[in-house]
Every structure is written in structure tokens, then in C-alpha cells.
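Down below are the structures I want you to see.
Shared between the two complexes below is chain A, which pairs with chain B and chain C, respectively.
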Partner chain A sequence: MSLDFSWLSDSLYQRWLLTGIGTTLLMSLLGILLMMVFGIIGAIFLHFRTPVLGTITTILVELFRNTPPLVQLFFLYFMLSSLGLSLTDPATGRSIPLFSGFTCAVLSLGLYNGALAVEIIRSGLIAVPAQTVEGARSLGYTRFQTFRHVELPIGLRLSMPAMTNNVVSLIKTSSQAALVAVADIMYGATQIMVETFRNLEVMLLIWLLYVVIASLAVWILRRITILFRIPGYGVDRP
Partner chain B sequence: MNSEFRTFALGIIGVPLCLIGLLAMIYGDRTGATLAFIADRTPMLLTGSPDFSSLQGGFIANIGMSLAAMAIAGALGIILGIGLIAEFWPTRLLSGFVMNVLRNSPWLVVLYAMLYLLPFEMKIFGVWITISPVVKSIAGLSLPVAANIAEIFRGGIEAIPTGQWESARSLGYRRLQILRYIVLPQALPLMIPNLMTIYAMLFIGTSLVVVTGASDVLFVGRTIIETAGSSTASAIYIYILFLFFLFAFPIAILTRWLERRIGTVSP
Partner chain C sequence: MTLSGSRPLIEMRDVRKSFGTYEVLKGISLSVNDGSVVCIIGPSGSGKSTVLRCINGLIPINSGTIRVGDFAVETLKSDKALIPLRHQVSMVFQQYNLFPHRTVMQNLTMAPIQVLGEDPRKVRDRAAALLAKVRLTGKENAYPGELSGGQQQRVAIARALAMEPRVILFDEVTAALDPEMVSEVLGVVRDLARDGMTCVLVTHEMRFAEEVADEVFFTDRGVIVEHGPPATLFKSPSDPRLKDFLDKVL
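What follows is the complex of A and B.
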């Protein structure tokens, strides 16, 4: 078996791959933002034992954690696109669907990994030493102030190692978006495969690209963990 | 099992209610007819045949593929895991590299790669064997899972105090003997919750095999949607979500209960 990578010199294929990398990075970034928002809101509901919202959060977290993200994505895509909502692009005046494949993919990533993030942040909050919380309370902080200024900042830092795994999982899951025609790396790869029939070589390159992106994300998150570390809390050398 | 029982009761009642509510919201007064339609197609989605007469795919195939992939991944993972803790450093380095590459690559990409890496048919001992999409799917799923199992294996073994190794060595055991008779019997129970988490992940990941053309539940579901019209799409996907939930949720709860009993926290 001989590998032929000569198709890589074609500028059209290079452009497809570069656009794909851009889309994947943008999708992952937006997904991570949404994931953190859902994760923190859900963790607040569970942490304060909010009567109705806490129960709903538990049910939704279990629903999203225990079902395939791919089916969730297909479901969102078919349900939301059948609503037929659209908005008008102010620059061109064209009407673009509000729930395109890209929006649905970001939403599905945010929901699936957000459900995982709820549990991660919650266990981070539980791991905050009780003395620190009691100390804040005895200094006159209210329950919410304690949460906002003491528990959440320390809890988020303590949950960083698990959150790193979750972010890597999100980047890997984002490759599914190609199945609802989002032009990410995976989609570009399938296009190139259809034209060149160099299936194996293209897949090996994509494999490498994803490993590089995931490793880069791990490195960045490790730098962030070290940068925001509070001495005395959590591991000393993450 | 108090807190787990509460979550289990909440989930097993709440999630179906939530999904039925969603169904009612989408279909309005056609909900009854949609439910009848789903009930009619249940044998198709579960076994791939219209009346439970034969097994051609569907949800049962997802379960079967996940079990087969787990068995293969277990064997591969233990070999890779032994490589991770080897004394000979090149073995350790190579195993670590393989493990990290496999763990950091999307399952979808590995599945696609397997689809093209494995030939359509292969000659083994003079017999031509056709490699079906199902076999390719199992191979593609088991590789990343094997890497995860190797990591769990290494973590479990490193959790055993080094004093156990030293005292066994002073009693004259060889390295593999220590692993086999002293360390593994203590480490395996610690690994079980993590292994169950990985199995749940693998089971959920079997939905991806739809790209290889194996007739799993998603493939059957899409065929039904194509023949019955796209208005049924939401209902079919809700039903598939429900099927996956019904299988994966009890495993997740059992894992959490075991974790609390053993006193370990999954990574």
C-alpha cells in the first residue's frame, strides 16, 4: 500500500481544509461558551437546591448525558428547521434560516457537553473546603455573595482538570456536524474524498488535524489552569 | 443507595414525560396518531424486521456491536496498558503515543479511517472472508475505547501502593507474576466503575456507525423517515433518544452507586 499526498498541493483543496479548520474552531469556541453558560446555570440550580428548577435540571442533565449527541443533533436540526424561522441579513438583504446546521450544531454541542459540565462544576463546588465557606459566612457575606465571590471562583478552578477532558470531548464531538452539512474539517474531507478517491490519505490527515487541535486545546487549558491557580487550593502542579 | 435512587426515580419518570411533552408540543392534536405510528414501527426499530421474526439490525444490533467492541477493546486495552507501565522505556513511550493519539481523535474519524483501511474482503488461511460494515464498525469503535481502557488500567495499577510491588519482589515474584497475582486482583474492583462509564460512552457512540452503512437503529430510523415522510422525523428521533436513554441510564446510575460504595471518583 502506498500513500499519495499529492492532492495536498491543490489550492482548492487547501482552501477547503483551511475553511474547515476555521469553521471547526469557531463552532468549538461558541460551543464551549454555551457549554459554560449552561453548566454554570445548571450547577447553580442544583447547588442551591432550587425546588422546581433543580428537579428540571436533573431530568434534563440525565436526558442529555445518556443519549447519543448525534441523535440529539439530528432531532434539533429537523425540529428547529421545520419551524421555518429566518432572519434577514442586514448587509445583503437575503433571508437566512435562523436555525441553520451551524446553529443547531453549536446548540447541540452546548447542550450535550453542558449537561456534562453541570456535573463537573457541581463536584467542583462540593470540593470547596467547608472552612473557606464558613469563613466567608462569618465575615458577613450573604449566601449569594459567598457563592459569587468564594465558592464559584474556587469551584471553577478545582473543576479545571475534568473540564479539560470535557472540552476535548466537545472538539471531538464537533466532527458530527458534518453529517448535517456544516462545512467543517470533516465535511471538507468528505468533499475531497469524493473528488480524489484518496480516502485513506485524507482520513489520516484529518485524524492528525483533530489530534493537533485537541492537544493544542489541552495545552491552552493547562496554561489557563496554572495562570489562575490559587496556591493552597487543588493540585500544586496540574 | 438513597441519592442514586432518587435520581433514578426522577430520571426514569421525568425523562419520558419530558419527551412525551415535547412530542405533544410538536404534533399538537396529531399526537395520538403519531404514537400509534411509533408503536407500529417498534419491531422495525428494535430488530430491523417488521414483526420481530428475524434479527437484521436496529437497536439490538447497537447493543450487540457495543458488547463485541467492548470485548475487543478490553483485550487490546490491557495489552496497551501493560505497555504503558513497562520497565523498558521505548515500549512505554510508544504505548503512550498510541494511547494519546487514539484518545484525542474523534470516533467518527476513526470509524471513517477503518472503513477505508480495512479491505472489502480478506484472505485468511486460504479462505476469502468478506468484511462487513458491522465488522468495520466494531473495529473502528474498539480502537478509541481500547486507549481509554489502557488509561484506566494504568491508573488502577498506579493506585495500588508501591509497597505491594516491593514486598512481592522480595518474595521472589517476577514482574508479570506480581501483576497477575498481587496487583490486578486489588486493582480490578477499583477499575469497574470507570470501565462501566466507558461502556456507557461506547454504547452511546454506537449511533455513529450509521456512517459505515451498518443497519443500526439510526439507519433503520432514517429509512422509515424516508418512506413515511419527513413529518415523522421528530417522532422517530424522540423515540430513538428514548431507547438509548432506557438502556444507558440504569448503567449510569449503577456506576454512580458503585463509585460511592468503592469510594473512587471517576476522572
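What follows is the complex of A and C.
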């Protein structure tokens, strides 16, 4: 068996791959932002035991955590497109769907990994020593100020290791976006395979690309962890 | 008790507090005069920490009244309503309870700026002076985790002072310290007491209590069994429970 990578010199395939990488990176980045927003908001509702919203959060977290992310993506995609919401493109005057495959993919990543993030951030908040909280309360901090200035900053730092795993999981999960026609890495790869039949070689390359992207993400998150490390505090030693 | 007509700064009357069905405070009454030093001693679990927490509203009480200055503490329900009280009543804890993610300087300035809304520059000047007072000049940019226990506790005292309180509550502030660090912290407390700061100390350091206290309260199982000036209380205790306790700790 010999491996043939000559197709890599084709500029069309190069373009597909580069577009794919860009799309995967953008989708992951937006997904991570959304995941953090959902994670923090959900953790706030649970942390303050907000009556109705807390219960809703628990239900949603269980729902998204315990169902396959691919099913969630398809559900979002078909549900939102059947709602038929659309915008008019101001430049061309054409009607475009409000929820493209890309939007759905980002939304689904934000929800699925956001549900995991809720639990991760909450564990971090629980790990903040009660004494530290009491110190803030005794100085007149309100419950919300204590959360904002003491519990959240410490809790987020404590949740960094678990959050790093969650980000890697999000990047990997993003590859299913190809199934709703988002032109990400996987999508480009599938197209190249259809044209060249070099399935093994293409998949080897894709595998390598994901390894590089995930490692890069881990490296960046480690830098952030170190940057925000609390000197002399017993966590997050590099 | 002083004979002067001025009313005490802190007055607790028949305070009761239960956790669930377990009654921790069974009618505590005590008063603290402005500028005086009061020590609370007693066996573990007798409710000493709970008394302090009630005074600055960290835990609500079931019945009775607590007055600090002009505040009826038991009527203050919301966080916002408690801010003026906590401005007047600072607390120092056994475990220091500093903010680990903030520098020493930030630990001192955070609450005056974020809670009291004071001018950051003024607060920083005041904080620098307080750090000098607790002999920690030069540690402004260190994090609590980089300091020894004794140093952290002195930061905590400076942080309490940065609020410019009328009274400071000390809850066994030397209990977590290695013996060689106890004296440096007690030295700071002694200085405060001499300067006329009103102090309520829960302590197991009987000799220190004897030295600095104007009045000592002995608690056991949620009641104040005996109180009086340290000379009387330590030298000629009348209650058998206090005698027993002193035999064990002295």
C-alpha cells in the first residue's frame, strides 16, 4: 500500500481545506463564547437557587448533557428552518434563512457544551472556600457583589482544567457541522475524497489538522490558566 | 460596668438562635462600651463565634434584640440595609478569610471602594498607612498565599481597619497560627486596644484576655454563665463550670 498525497498540490483542494480550517476555527470560537455565556448564566441561576429559572436550567442541562449532540444539531436545524425565519439581504435583496447551517452549528455547540460548562463552573463555585465568601459578606458585599468580585473570579480559575477538556470536546464536536452543509474541515475533506478517492490520505490529514487545532487550544488555555494563576494558592500549578 | 451615663456601643438582649431544632444561643445578654475591650471565653461549641456573627448580622437571630450604635441589627434584613452596619462593625476570622486572588493592597482597598464607594486614591493612602501600622510595608503586591499565617492575619486586621469601623470583632484570630506567630498578631491587637478601638475578642489566649480585657464573658452551652473584670473572673471565679474550664485551660 502506498500513500499518495499529490492531490495536496491542487490549488482548488488547498482552497477548500483553508476555507474549512477557517470555518472550523470561527465556528469553534463563537461556540466557545456562547458556551461560556450559557455556562455562566446557568451557573448563576443554580448558584443563587433562582426559583423558576434554576429549575429550568437544571432541566435544560440534563436535556442537553444526556442526548447526542448530533441529534441536537439536526433538531435545531430542521426545527429552525421549518419555522422559516428569514432576513432580506440588503445588498442583493434576496431572502436568506436567518438560521443557516453555520448558525445552527454554533448554537448547538453553545448549548451542548454550555450545558457541560454550567456544571463545570458550578463545581468551581462550590469549591470556593466558605470562609472567603464570609470574609466578603462581613465587609458589606451583597450576595451579587460577592459573586461578581470573589466567587466567580476564583471559581472560574478553579474550573479551568475541566473547562479545557470541554473546549477540546467542543472543537471535536464541531466536525458534525459538515452534516448540515457547513463548509468546515470535514466538509472540505469529504468533497476532496469524492473527487480523488484518496480516502485514507485525506483522513490522515484531517486527523492531523484536528490534533493541531486541539493542541493549539490546549496551549492557549494553559497560557490563560498560568496568567491568571493565584500565587501561593493550592491550585493550577503549571 | 462603667457608671457613666453614656449608653453602650453594643447591646445584646436575650438573644436566641437555633440552627434547625438545635438551640445554640439560649438568651444571651451582653453590652460593650465604646472604647472598651471585651473578651468572650468558653468551651468549644458554646456559641462564641455565633455571638460575633449575630452582632454584624452575618446570621439572623430568632428572638431578642441586638443594638450596635444606632442600628437595631435584627431589623436589618436586606444586604443593602446591612452595609452601614458592616461599615461600623468589622470582623477578623480564625482562617483570615482574605481574598486569595487579590494582592495585599487590593484586599485592603476593595471593600472601601466597591462597597462604600470611596475615592480610590484616598483609600490607597489609608491602606498604605495601615500596612505600616501592622508592619507589612513592602508586601503591598504580594498575594495572601505568599505570606505566612501571621502576616496574613495582620493583613486581615488591616483590611478590617480599612473600613474605618467603630468596633472590630476578633474570632480566635491566633488559633490557626504557629506559636511563634501568635505574639506578632496579639501585638497588633494590643496596639489597637491601647489606641481606644472597641474590640470584642473570642479567644483561647487566657493570659492575653487577662491583660487587655476590660470585661470578660464566660459562655457555656449557649448562655453567659459569668462575667466581670478579668481580675475577678480569672482569680476568683464563682461558677463551678467556669472553675472547671479555667482548670483545664490555664
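Going forward, the second predicted complex is superposed on the first by the 231 of 238 C-alpha atoms of A that agree within 3 Å, B and C clash if a C-alpha of one lies under 4 Å from a C-alpha of the other, contacts with A are read in each partner's own complex, and residues count from 1 in each chain.
Here, contacts are C-beta pairs under 8 Å (C-beta built on N, C-alpha and C of every residue); 3 or more make two chains touch, one makes a residue touch a chain.
Computed from a prediction, not measured in an experiment: that's the story for all the values here.
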item: Chain A as common anchor, with chain B and chain C clashing or fitting; value: fit
item: Chain C, chain A and chain B - angle at the middle CA centre, rounded to the nearest 10 degrees; value: 100
item: Chain B or chain C, by number of chain A residues touched; value: B
item: First (chain B), second (chain C), both or neither touched by A:Val150; value: second
item: Contacts of A:Thr132 with chain B and chain C, given as first, second, both or neither; value: second
item: Smallest separation of CA atoms, chain C relative to chain B, angstrom; value: 18
item: Touch list for chain A against partner chain B, complex; value: 55, 58-60, 62-63, 65-72, 74-75, 78-79, 82, 123, 161-162, 165, 168, 171-176, 178-179, 186, 199-200, 203-204, 206-207, 210-211, 214-215, 218
item: In the complex with chain A, residue positions of chain B that touch it; value: 7, 10-11, 14-15, 18-19, 26, 100-101, 104-110, 112-113, 115-117, 200, 204-208, 210-211, 218, 230, 233-234, 237-238, 240-241, 244-245, 248-249, 252, 265, 267
item: Interface residues, chain A side, partner chain C - complex; value: 129, 131-132, 134-143, 145, 149-150, 153-154, 157, 230-234
item: For the chain C and chain A complex, residues of the former touching the latter; value: 56, 58, 79-80, 82-83, 86-87, 90-91, 93, 95-101, 110-111, 114-116, 142-147, 156, 159, 163
